[in-house]
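Below are two complexes that have chain A in common, paired first with chain B and then with chain C.
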Partner chain A sequence: MSLRSLRWLLVPLLVVPLTWLLFTGFGRDPRVIESPLIGRPAPAWTTETLDGGQLSSAELTGRPYVVNFWASWCVPACVDEHPVLAAAHAEHGDRLTLVGVLFDDRPDDARRFLDRYGDAGYRHVLDERGRISIDFGVVGPPETFFVDAEGIVRAKMTGPLTDDVMARHLGTILPGVSR
Partner chain B sequence: MRSWTLPVALGLAVALIGLGVTLGLRDGSAAAPDARAASLAAELRCPDCQGLSVADSPTRSAREIRAQIDELVAGGATDDEVREHFVARYGEWVRLAPSAPAVWIIPFGVVVAAAAALIAWLAARRGPPAIGEASSLTDAERRRLREEADSLDA
Partner chain C sequence: MIPTIGHAAILVGLALSAYAVVAYVLAARGGDARLSVSGRRAVIGSFVAAGIGCAAMMISLLAHDFSVLYVARNNATTTPPFISAISLWAALEGSILFWALLATGWAALVLHRYRERHRALMPWVGATLAGINLFFFTVMTWPGNPFARTAPVAAEGLGPNALLQNHPFMALHPPLLYLGYTGLAVPFAFGLAALVTRRLDEEWLRIVRRWTIIPWIFLTLGIVAGAWWSYEVLGWGGYWAWDPVENAALLPWLTATAFLHSAMVAERRGGLRIWTSALVIATFVLTLVGTFLTRSGVVASVHSFTQSAIGPWFLAAIVIALGVSLTLLVWRLPDLAGGGRPSGTVSRESAFLLNNVLFLGLTFAVLFGTLLPLIMLATTGEQISVGAPWYNAVTVPIFIALLFLMGVGPALPWGTASWRTLRDRFTVPLLAAVVVASTAVLAGIRDLGSLGTLALAIFVGGVMLDEVVRGARGRARGRGEDPATATWRLATRNRRRYGGYTVHLGVLVMAIGVAVSSGLAIDRTVTLAPGETAAIGAYEITHDRLIVEPLAADQRVIETRAEVTFRGPQRGTLGTALRDYPNSPTAIATPAVRTSLGEDLYVTLLASDPGSGTVTLHLFVNPLVVWIWIGGAIAGLGAAFAVWPERRTRPVTQPRAEPRPSRASVETVEGA
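Now for the complex of A and B:
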């Protein structure tokens, strides 16, 4: 091969991959990390609840449930989404279970948070060693997983829930809720 | 054989050996359990900190992931099984270095190609063309050049 033709090959060889890299790189939101859990069975767990009882994920299957990872130190995001979760529990609590999981938080601090911002009435569980968070691949609160009645993860929200996001994700697990 | 074929071949050989050594070093299944657990922890991204590996981080998640690595290694899991355990939870993101071989090879390929092109270009530039042989002027052009030069002198 002559040098001249090699030189012309070099330009597309560098420009094409670089353009592709920039195109795909800028096209995505760097904060969105797709969860590999979606479409797969939700991780199983058994742990203590904030009020001193026990709860197991096995008790939840049979109807859709929402797992919300939060912490009292997660401000303002967890404070902002708190009313959204409370409203979902009030509206759909008869056919949907909500569970809060404490992410790297002290039970006393979590209780104070609920005293201050209102205890919506759904249960919260402790995750002392972080096992549940790791099994769900949680990076930091708030993160929320939507699990259908068969126990399959259907959607995940990273960051604070809003009414719109809540309704859209609930639509993946609750029939009759607009998506 | 052109003058630059040998350096290019040598460069390629060195790059391939380097690649082989790098890939060889990554496969540490034969090492001691503690060393394996430590090197696996160094490969995994700590989920709740910025840009640190699980080995370098003091957070609760990192501590628990290290404990799980120890358990998995003690239970007889291979390095790939341990990596897969965490990739299944966090996604490919949890690995500090990408796993697809293509992603490893592309940078080597680019460096080798660039080095080859540079060597070829330097080799082509260095050797001055032998008079008469490499000159592409026709006799007519040569005559005309001489005439032009003469007319300038005059």
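Now for the complex of A and C:
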């Protein structure tokens, strides 16, 4: 091989590393920081439910539960994940509690959202002055926390849930669900 | 109906762009001129299609048509019309649509303008530009459809990004930047065309230089407007944070600027052809990398849009652009090598070369700093971020060296400089710089960076002034014109040179603004109850009252505003606020800035207690900041002056583009 034809090496030498480098960036969100709550007890709360009752986190302990922060104005992410939550409630509702927490939303808007996209039957609570959101360190909906029967946070999802993500995270708190 | 028209327009644009690529490639290979004509018409058609797409999106936004996903995500029924209109470029899909409008616009303009000229070059230029347009339409057809619909339709949308609706500069900064980015595709297209056809001659250089300066103007103004926006909106008192996306805009600017300088040597002395074409290619690829970093969410930044599926498509575009152009360059290397004439060590050529080395050094430093977090993540898995101190330490010395060259370079003769010329031109400015620096020390300025920059600025300004005065005096004496007329005619007859000087003057003004404002700014944080007063610098600031109320323009936005009175060199009242947007988890600061030519008073509300009315304020006095924006405007005007079409009435016998008669004759002999 003559020295002159070695110049062709320039092309892969520049293209390949750059491509590889930019490619590795995919699938990672640099802004995601793992929740410091994981492995710790879930924050406690008592608040009003969307249908006018009261609910406290103390009533939930004893069996695994999922806390989903959402808002009616959170389109399309909260709309996208809505059927996933409904399906989880339908399938595992007998041994798992789901709770929706309204993130900076008006109760009327939230009710209209549930009318339109279907109310799966699990409870939604109001978050007066954002206290629950602050305790959980929620930045923006949707965010979902998976709490086991002992009240320890085992997993957190930032962004809309999909069936895969739901199954994976449920596996951390529900025995028998594949991880 | 309207969104359907918009979507159809995108599909039409896609088809026309694809056709234009094929037609131009066939025209280039077969040489049938009619194919070129129809390719051009297809490109113009794709421009019209992109225009219809943008209009459809704007109408959908103004009508709050939430059946369009983009509108539902970036608009609400309460959004004011102005914000709705500029939301066209406030998020990913819309900005790609807007981008396509600008890209097809540049392509149509260039292909139309050169329709009768450069017959060998233009088909390849057309094919490249149409190929780039095709990419944007492809993205909009598949992964980033701006007219994707929602069903069922939401009653209310999410509203525009809080940061973007907070300041009218959002109407200015992105379009300027995008105009620069998209325009840099034109020199790239000419570069590829010249490599394919082996016509990398002086004529090519002239076109490419012209079509680099025009987008360069927009890029410069876009970067300065972005710095200004960040100063007026983000509330931390600064204007440049070495954010990855700021860097992404700076990188092509650096290589484009390096190209503009090396092109002068290439034109004047021959040679540097590999170098100049590599710079043209690098500039365009860097605009793509910049876009990739902004749009894919790979790098964390205030600018990143949410993650989306278009990342891989942009990566593919980068690989294709870089691969094709590098392959062409390497293929043509044997043709490009050699051709330069030798010159002395101290000469304008070597100043230009050193300039290019420094610009390239800056490019690598900024690129390295921007990509280092990615490199670390890919190799060690560690998350790091490269901060402003690192960038300042690495780049400030290079910037200062460039500033020095800016003064020395233009005053050096081509060829070889004699000791006498050097003494002649630099003694007085050097003395002036020493005198001013000593005065500044006596006046109490101790900061070394500020002193150095000030002295350099005086030196550079002195050399430039001397250049202009010399030229004008020669002309005034030779033709009996009065000094003002002589100066104006000198400048308008040598637009490139004097436009270039004006750009340098703008950079000088910016450098002084940056040096002084970063060296001498003062700030303090105070907590004040209503009626209490605090002092900063020569100012006294009194907290009058705290007001919490919904914004008049959009009732969903709650504004917490501190009203303060200030007395000192300027006096008056200011309102500085935190705004709670329904779709933003954190309150957005709305700093109050009172600008004067001497200094800015800058007040940010950090926290407040609605019960007692007590507020915590961050106060800044930033000297000379306004000169950074003025300098940017001067630089833009200078570049516009340089490329302004010359009147073609002057006699052809006049020597080209060289003002000093004494040297012009020497040059003609040299260049012959």
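By our rule, the second predicted complex is superposed on the first by the 150 of 179 C-alpha atoms of A that agree within 3 Å, B and C clash if a C-alpha of one lies under 4 Å from a C-alpha of the other, contacts with A are read in each partner's own complex, and residues count from 1 in each chain.
Criterion: contacts are C-beta pairs under 8 Å (C-beta built on N, C-alpha and C of every residue); 3 or more make two chains touch, one makes a residue touch a chain.
Being a predicted model, the structure only gives us computed values, none of them experimental.
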item	value
First, second, both or neither for A:L10, with chain B first and chain C second	both
Partner chain(s) touched by A:R131 [first = chain B, second = chain C, both, neither]	first
Partner chain(s) touched by A:P36 [first = chain B, second = chain C, both, neither]	first
Partner chain in contact with A:L22 - chain B first, chain C second, else both or neither	second
Touching partner for A:D164 - first (chain B), second (chain C), both, neither	neither
First, second, both or neither for A:D104, with chain B first and chain C second	both
Per-residue contact with chain A, leading partner among chain C and chain B	C
Partner chain(s) touched by A:W73 [first = chain B, second = chain C, both, neither]	second
Touching partner for A:D94 - first (chain B), second (chain C), both, neither	neither
First (chain B), second (chain C), both or neither touched by A:G140	both
Shared chain A contacts, counted only where both chain B and chain C touch the same residue	7, 10, 104, 138-140
Residues on chain C engaged by chain A in the complex (per definition of touch)	69, 72-73, 76, 150, 152, 154-159, 289, 292, 296-300, 304, 307, 311-312, 315, 318-319, 322-323, 326-327, 330, 333-334, 371, 373-375, 377-378, 383, 582-583, 585
Footprint of chain C on chain A - complex, ascending	4, 7-8, 10-11, 14-15, 18-26, 28-31, 72-76, 79, 104, 109, 112, 116, 138-140
Partner chain B, residues of chain A touching it in the complex	3, 6-7, 10, 13, 17, 33-37, 43, 104, 129-131, 133-140
Of chain B, residues touching chain A in the complex	47-48, 59-61, 63-65, 67-68, 87-91, 93-94, 106, 113, 117, 120-121, 124
